[in-house]
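After this come two complexes, each holding chain A, first together with chain B and then together with chain C.
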Partner chain A sequence: MESLIIFLVLLSLGYVFGKMSENRHYRSIHAREQALVTLPTTSSKKPIGNSAPIHHAELVHGHVVISVDYFKQMLAGLRNIFGGTIQSYETLLDRARREAILRMKERCPTADQILNLRIETSSISKGDVGDRIGSIEVLAYGTAISFESSSQNHLE
Partner chain B sequence: MKYQPSLPEHNDNVSHQHPVREFFILMAGVLSFVLIGYWVLGLVVDVAVDYLSPEQEAQLHHTLDIDWDMGEEVKPDEQAKLQKLVDSLKPCLALPYPITVSLVKSDIVNAMAVPGGKMVVFSGLLDAVSSTNGLIFVLAHELGHFKNRDHLRLMGRGIVLTILAMLTLGGDSGFSDILASTINIRTAKYSQTRESQADRTALQALQCHFGHVGGATELFESLQSRGKGIDLGLTHYFDSHPELQQRIDDLNRLSHELGYAVQDTQELIEP
Partner chain C sequence: MFISNIEDIPGKTITTCYGIVSGSTVRAKHVGRDIFAGIKNIFGGELKAYTELLGESRDEALERMKSQAQQLGANAIVNVRFSTSSVAAGAAEIYVYGTAVTVE
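Let's turn to the complex of A and B:
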């Protein structure tokens, strides 16, 4: 009976606080994406829409580690039995990828473009099965370039 | 090519279904799977237990020779007297293996049949009964559990439940405990019918031993007079022994049906 109560408390705490932190994170992501929308970030190997000589190029990266809440972890565990899409982890990965790209962009606010964007995801799981930490790390990296002509700053 | 800065209006990478709904649907699925599995495998256990030969059962008891640490044991001579009483009941019950009694010092008014052919008697029981007949009935009740192989049924179900919980949810997840507490109510109900069955066996043994069934309801009446005022309201569900009055009525009806006489009881010589 005690373990049932502890489980239910953890489950509700996980749900409530997980939801709160997710909503807060999404608000932050939306605002920052809007602010940085004018910095083109592509997986293209060549600059897009411009043939001006490149003045400066550097490797930029951003990474983030995010953990799921208890509720989502249990939900994924249940889904594991029946199969199907693990919807409870979708927002986790979505937030982590977008946050990593945002952090990368924030490292080079004066760049004109970021080329050759790559995203790597790895799971951080330490401990025995069933007692694992359900966290993921997402690393985004690319090449930030600035053109020679200063008027080209931030492509129109 | 012109770059047009814009952000997507909708996030297509995440599902917008409510997670709580998903959780309840999946949980209901797991629980029904486990309940059905438990029920079916429970029946399999019952069948398997019925098919077990006395030799196999004796072998099983030998294998299960576990040291059940129940608490401090009382003086060996008192235990020996109880053992003698149990042994004197053997011809009436025809058990294919020996039963070892251990008397444990405790206020609890109870006795238990544990796998491995061991019977644990708590010393509180000796204070609650006033006649040898009353004590013999309780001992015969526990022997009845052995005779009806209830300990094997319960153990079998315990194993089934553990395996099911481990298969579906992994050994040490929180779900296993929840399942255990959910199914406990069912187990209790299951063993209620087994308790009544053991009462029946004990009544027949009492008749066989003394030639009458006086003292059969003695312990229940004694418990009834003690237990007043401590009913927590939960006993109806969680108490695995059928309610006392019900048991007394059943025993009286049964002895009437079988034509058993009720005569004076022998005073208990404190073992």
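Let's turn to the complex of A and C:
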């Protein structure tokens, strides 16, 4: 009986706080994506739409570790029985990737473009109790370049 | 030191190639952080302690790769790749590698 109560408390805590933090996170992601929309990021190796000489290039990276809440973990566990898409994990990964890209962009606000973007995902809490993926790390990295004409304040 | 993850440094030309350089670190979190992360797992959200830890290890791995390149006499590293693997419960290995070159 006691363990059932603990389980239900954890479940509702996870539901309430997990939902709150997810909504808060999505709001902040939307706001920051709007602010950084002027810095194009591509997975191509050549600059897009501009052939001006390149003045400066550097490696930039951003990363984030995000954990799933208890309620979603349970939901995913149930889904595992019947199969199908686990939407709760999809939003988790989506949030993590967008956050990592935003952090990378925030490191080089003066750059003109980011080339060769690569995203890497790894689960860092393997082997924990329950053997479930509790948290994931997403790393985004690329080469930030600035063109000659717009490079007054970005010196080596 | 110029670093990029493309095959060259945009705006420069490669004159000499020295071969692969790499740097790695294996780090674990202390128990307090692990317990805190366990609690955080109920509520969801970002695990700041882990983010910080992985950031530090990645910077250190980069530093090690840079110093290796400097020893060879290179002034740039191209085609850099990151990789992360969990070697044991609670420990992560960060590995960075690239090609050391001289650019002009």
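Odds and ends about this structure:
By definition in this document, the second predicted complex is superposed on the first by the 143 of 156 C-alpha atoms of A that agree within 3 Å, B and C clash if a C-alpha of one lies under 4 Å from a C-alpha of the other, contacts with A are read in each partner's own complex, and residues count from 1 in each chain.
Basically, contacts are C-beta pairs under 8 Å (C-beta built on N, C-alpha and C of every residue); 3 or more make two chains touch, one makes a residue touch a chain.
All of these numbers come straight from a predicted model, not from anything done at the bench.
Steric overlap between chain B and chain C is absent once the structures are superposed on chain A; the two fit side by side.
In the superposition on chain A, contact of A:118 is made with chain C only, not with chain B.
Residue contacts after overlaying the shared chain place A:34 against chain B, while chain C stays out of touching range.
Partner contacting the larger number of chain A residues, of chain B and chain C: C.
Of the two partner chains, neither chain B nor chain C is touched by A:5. Within the superposed three-chain model, A:49 lies in touch with chain B and out of touch with chain C [touch as defined at top]. Once the two complexes are overlaid on the shared chain, A:72 sits against chain B and chain C alike.
Using the contact criterion defined above for the overlaid structures, shared-chain residue A:85 touches chain B, although it does not reach chain C.
Minimum Cα separation between chain B and chain C in the superposed model: 13 Å. Counting contacts by the rule stated earlier, residues 10, 72, 128 of chain A appear in both its interface with chain B and its interface with chain C. Those residues of chain B lying in contact with chain A across their complex are 1-3, 5-7, 11, 13-15, 17, 19-20, 22-23, 26-27, 29-30, 168-175, 177-178, 181.
Those residues of chain A that touch chain C in the shared complex are 10, 13-14, 17-18, 21-22, 25, 45, 47, 53-59, 61, 63-70, 72-73, 99, 115-116, 118, 120, 122-128, 134-135, 137, 139, 141-143, 145. The residues of chain A lying in touch with chain B in their complex are 1, 3-4, 6-7, 10, 15, 33-34, 37-38, 40, 48-49, 71-72, 74-75, 77-79, 81-82, 85, 87-88, 90-91, 93-94, 128-131, 155-156. Of all the residues in chain C, the ones that touch chain A in their complex are 2-7, 9-12, 37, 40-47, 50-51, 54-55, 58, 80-86, 88-90, 92.
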